[in-house]
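Same chain, two partners: subunit A is paired with subunit B first, then with subunit C.
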Partner chain A sequence: MAYLSIVALIPLAAVVVRSTEGGLDAFWTAVTNDQAVAALRLTLTASLIVVVVNAVAGTLIAWVLVRDEFRGRSVVNSLIDLPFALPTIVAGLTLLAFYGPDSPIGVNLAFTEVSVVLALLFVTLPFVVRAVQPVLLELDREMEEAAESLGAGKRTAFLRIILPNLLPAIIAGGGLAFARAVGEFGSLVLITGNIPFETQAASVFIFSQVESDNPIGASAVSVVLLVVALVVLLFFGWLSKKALRHEE
Partner chain B sequence: MSIVVDSVSKRFGDFVALDDVSLEVRDGSLTALLGPSGGGKSTLLRVIAGLEQPDAGRVLIGGADATFEPPQRRGVGFVFQHYAAFKHMTVRKNVAFGLTIRKRPKAEIDARVDELLRLVHLEGFANRYPAQLSGGQRQRMALARALAVQPRVLLLDEPFGALDATVRKELRAWLRRLHDEVHVTTVFVTHDQEEAMEVAEQIVVLNDGVIEQVGSPRDLYERPANEFVMRFIGPVAPLGERWLRPHDVEIILEPVRGAVEATIDRVIHLGFEVRVELSLGDGDSTWVQTTRGRAEELELDEDQTVWLRPAEERAMEPEPA
Partner chain C sequence: MRNRLILRFLALGYLALLLGIPVALVFVNALQDGVAAAWEAVTTPEAQHAFYLTMVMVAVAVPLNTIFGVLCALAIVRQRFRGRALLNAMVDLPFAVSPVVVGLSLLLVYGRRDGWVGEWLAEWGIQVIFSTPGMILATMFISLPFVVREVIPVLREIGTEQEQAAATLGAGGFQTFFRVTLPAIRWGVAYGVVLTTARALGEFGAVSVVSGKLSGRTETATLFVENRFQRFDETGAYAASLVLALLALATLLAMNLIKPKEAQG
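Up next is the complex of A and B:
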């Protein structure tokens, strides 16, 4: 608990205190500032899209990694963690090289809203994969065989047997991915161009406020992100627990 | 429905699980596949169910070739050793699964599920999850689930293997009664000869991927086709060059022609049964099963010299190893 306080709780409380230093009015003004609202909206929308896409893609990747035998499987398996291992600024550079103005495939997404989604997709890729993989490995194959012997085709068996058993893991991984996406900074700075009202994410907005000597504005938006992240984590935790109620 | 297995072979890599196995299972019968683990019995059952594809040979169910039918079209009910309960569904939904995916009317499903839950004595458990049931209850639920779709054949893979001894005994008797009620052609796998003898009408002994013998429990016990079956299906006592059942050896107090001399090492009283352990002249040891009455009559005691002979001509010559 002491450890938790020193590393997390006290600094978090400090941000909250800082954000209200100018009184609640200043806090409210900072949060409802048009640019701040646009940045928050962009971050939340992009994060939501990213969670949905990665929930599907991550589940598929986990499926392929667990169920399909192919050459280089262990290599691909290690590659999944790359977005965790890379400094996010490197991730941003990589994306800029491939999807930027000098794109070798001629796809220039730099400085668009799509680039925000793209960067967030990249850095949150491992969450769902790594959450689903162990569950899928442990999943009782005989459940599928039983379903088949009872008349279920592969599709029915997947939808009615496998998916419900993976759901808690997908939700948990999705929750972490969302929280990460909301706070992502490094990979966004380069590729999105940080155009206010267009491609400036909340985290980048906070940074710009710090740079332009507006600590109250920066901490106010930080607090909003904090609360959003907390609520989302709690919500996903509750969902995941609900999906697991049969294990009690 | 009858099941015909026709020259089926199956290998896993270098391991030959089934080697040209042929078998006929009569309509409405209750058959045990018996053998040591790795003998191929589970593989044979899974081939019949369509969960495993044979490398060669055919499977006929009810006279029709089912070799290339996927499991969901074979009309088999399959019960797994570890229950394979759908753990995210209640007992009711588990049992209803086969009917639900066939999109039967809800009223029909409810009625059928209630009927089956009564049959397996789980009436009060419909809304529990499998995690809240004991092993025996889970296996009964799995049985009800398999029976719900009115399978043409019921296949059980070591159904009682994961249960403790008391529950296992109870479920054996119960499976036997169930079969008398439902009359569906049933094949179950077991490595426990007592279980096979107690439950099945017909026993198929499988070892090293081949069928050693098919017969009624009594046939197998009294007329084993070879040494493997003899040893696997019951206790054996060596007597000279021969193998006998320990209760088919007679202890006599006088030497007669054909009798073997032996010294009693130990007399063990197990109630009605008395077990006598003896050393034979050639250094081999053997044992004889007799009754308390007979042991008292002969006044058997340790270090006593007696003579042994086959009680009836049921002994068999062992094959050269």
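Up next is the complex of A and C:
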């Protein structure tokens, strides 16, 4: 407990305390500063897009990895975790190599809002896949077969039988992805260009405030990020449980 | 059948565009001037120091977090005390906190000018921020939950029967732990250690805030990548990235080797 305090809890408390040091007015001014608002808006919008894309793509990938059979499937399966293992700065450089100014396919997304979404998609890829996969593996094939023998088409069987079963896992994975996306920093540094009001995400904004010696501004926005991440985790956890109960 | 092929194509295409091709391109870019140039770029004194510093981070943070992780998991699963649920929730905090916020938080406690205890530490001649201790603290913070999270389910799974049997046969607490509990959770611990190591190797944001980025002094491997890239030394940036990517692939390999053993127990 003492270890946890020295390493994590006391420092986090310091952020909260420092953010309100100049009174609530100073906190509010720091958070509603134009550049801070733009950064927070970008981060939240991009994270939302990322969750939606991940929910679809992650479920699709999990489906293909569990139900499909092809050569190299186990290799693909292990590579899914690569974004967790790869340092985020390398992730950013990686994307820049393919989608940057020297892109071999001539697609230059560097320094645009799209690059923010792209970087976040890269680092959050495993969450939904890894949440859905075990559920899909355990899922009873009999229900599907029963539905089909009763005349349901593939599409109906998927929408009415499989999807409701997967929903709690998709939501749980989505929540983790959102929390990660909101705080992501390393992968954004190189590819987004960090242009204030355009491609500067909240975490990068905090960094710039630290560098320009404005600890109160940095702390205030940090507190907002912390609260958002915690609320989102709790909310998605609740939603996931609700979906689980509904299905029972 | 046709639907299945379309789905497969979509899933693999998405993965290739987001993951496969870009990562492969790092290998290509790193080696574009030849293997010799890449080798030279990662063996300059600065590069060597950066990798050395990263190894120091790993060498300190991983053992400490492993010991803490096992103890913490034991406390959460095996003991009943007030605040247990709170501890359980707190352990996950580093997952919900942005690395930059982690760095900032350390700055506000240990920093010389802004920090709560920075001045006091400075009087004793201890500098935490802009030097190695601060970077180690940042790495520890960010990689804190992995061992705990891996060990808790294993501890729940194995139950207490064997531990109780050992205790009735006269084994003390230590003996029970080292002869019964630890062997039972070893693969869970190993998996946690691999994840902790990977995270510690690759940490960027938190370390970046507290390091001051003094090239050749407080620059880790990931900071070295950023520094090289911003100085238009693409070969250096990509070559160092290649080394880090290879380490990441080694991590994946280790995970795949350990996972089945963990499942068997």
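The criterion applied here is as follows: the second predicted complex is superposed on the first by the 234 of 248 C-alpha atoms of A that agree within 3 Å, B and C clash if a C-alpha of one lies under 4 Å from a C-alpha of the other, contacts with A are read in each partner's own complex, and residues count from 1 in each chain.
We adopt the following convention: contacts are C-beta pairs under 8 Å (C-beta built on N, C-alpha and C of every residue); 3 or more make two chains touch, one makes a residue touch a chain.
Since this is a predicted model, take the numbers as computed values, not measurements.
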### Message
In the overlaid three-chain picture, which partner chain does A:Thr156 touch, first (subunit B) or second (subunit C), both, or neither?
### Response
first
### Task
For A:Glu142, select first, second, both or neither according to whether it touches subunit B, subunit C, the two together, or no partner.
first
### Task
Once the structures are superposed on A, label A:Ala177 by its partner contacts, choosing first (subunit B), second (subunit C), both or neither.
neither
### Task
Using the touch criterion from the header, give the chain among subunit B and subunit C with more contacted residues in subunit A.
C
### Query
Touching A:Val76 in the superposition: subunit B (first), subunit C (second), both, neither?
second
### First, second, both or neither for A:Ile61, with subunit B first and subunit C second
second
### Task
Would you sort A:Leu12 into first (subunit B), second (subunit C), both or neither based on which partner it touches?
second
### Message
Just to be sure I read the superposition right, which of the two partners does A:Asn165 touch: subunit B = first, subunit C = second, or both, or neither?
### Response
first
## Note on the structure
In their shared complex, subunit A is touched by residues of subunit C numbered 3-4, 7-8, 10-12, 14-15, 18-23, 25-26, 29, 64, 68, 72, 87, 90-91, 93-110, 114-116, 137, 140-141, 144, 195, 198, 201-205, 208-209, 221-223, 225-226, 229, 237-238, 241, 244-245, 248-249, 251-252, 255-256
### Summary
subunit B contacts subunit A in the complex at 49-51, 70-74, 76-78, 80, 82, 84-90, 97-98, 101-102, 129-132, 142, 145-146, 148-149
### Task
Quick one: which bits of subunit A touch subunit B in the complex? Just the residue numbers, please.
140, 142-143, 145-153, 156, 160-161, 164-165, 246-248
### Summary
In the complex, subunit A touches subunit C at residues 1, 3-4, 7-12, 14-15, 18, 57, 60-61, 63-65, 68, 70, 76, 78-90, 93-95, 97-99, 104, 118, 121-122, 125, 154, 176, 179-180, 182-186, 189-190, 202-204, 206-207, 210, 215, 218-219, 222, 225-226, 229-230, 233
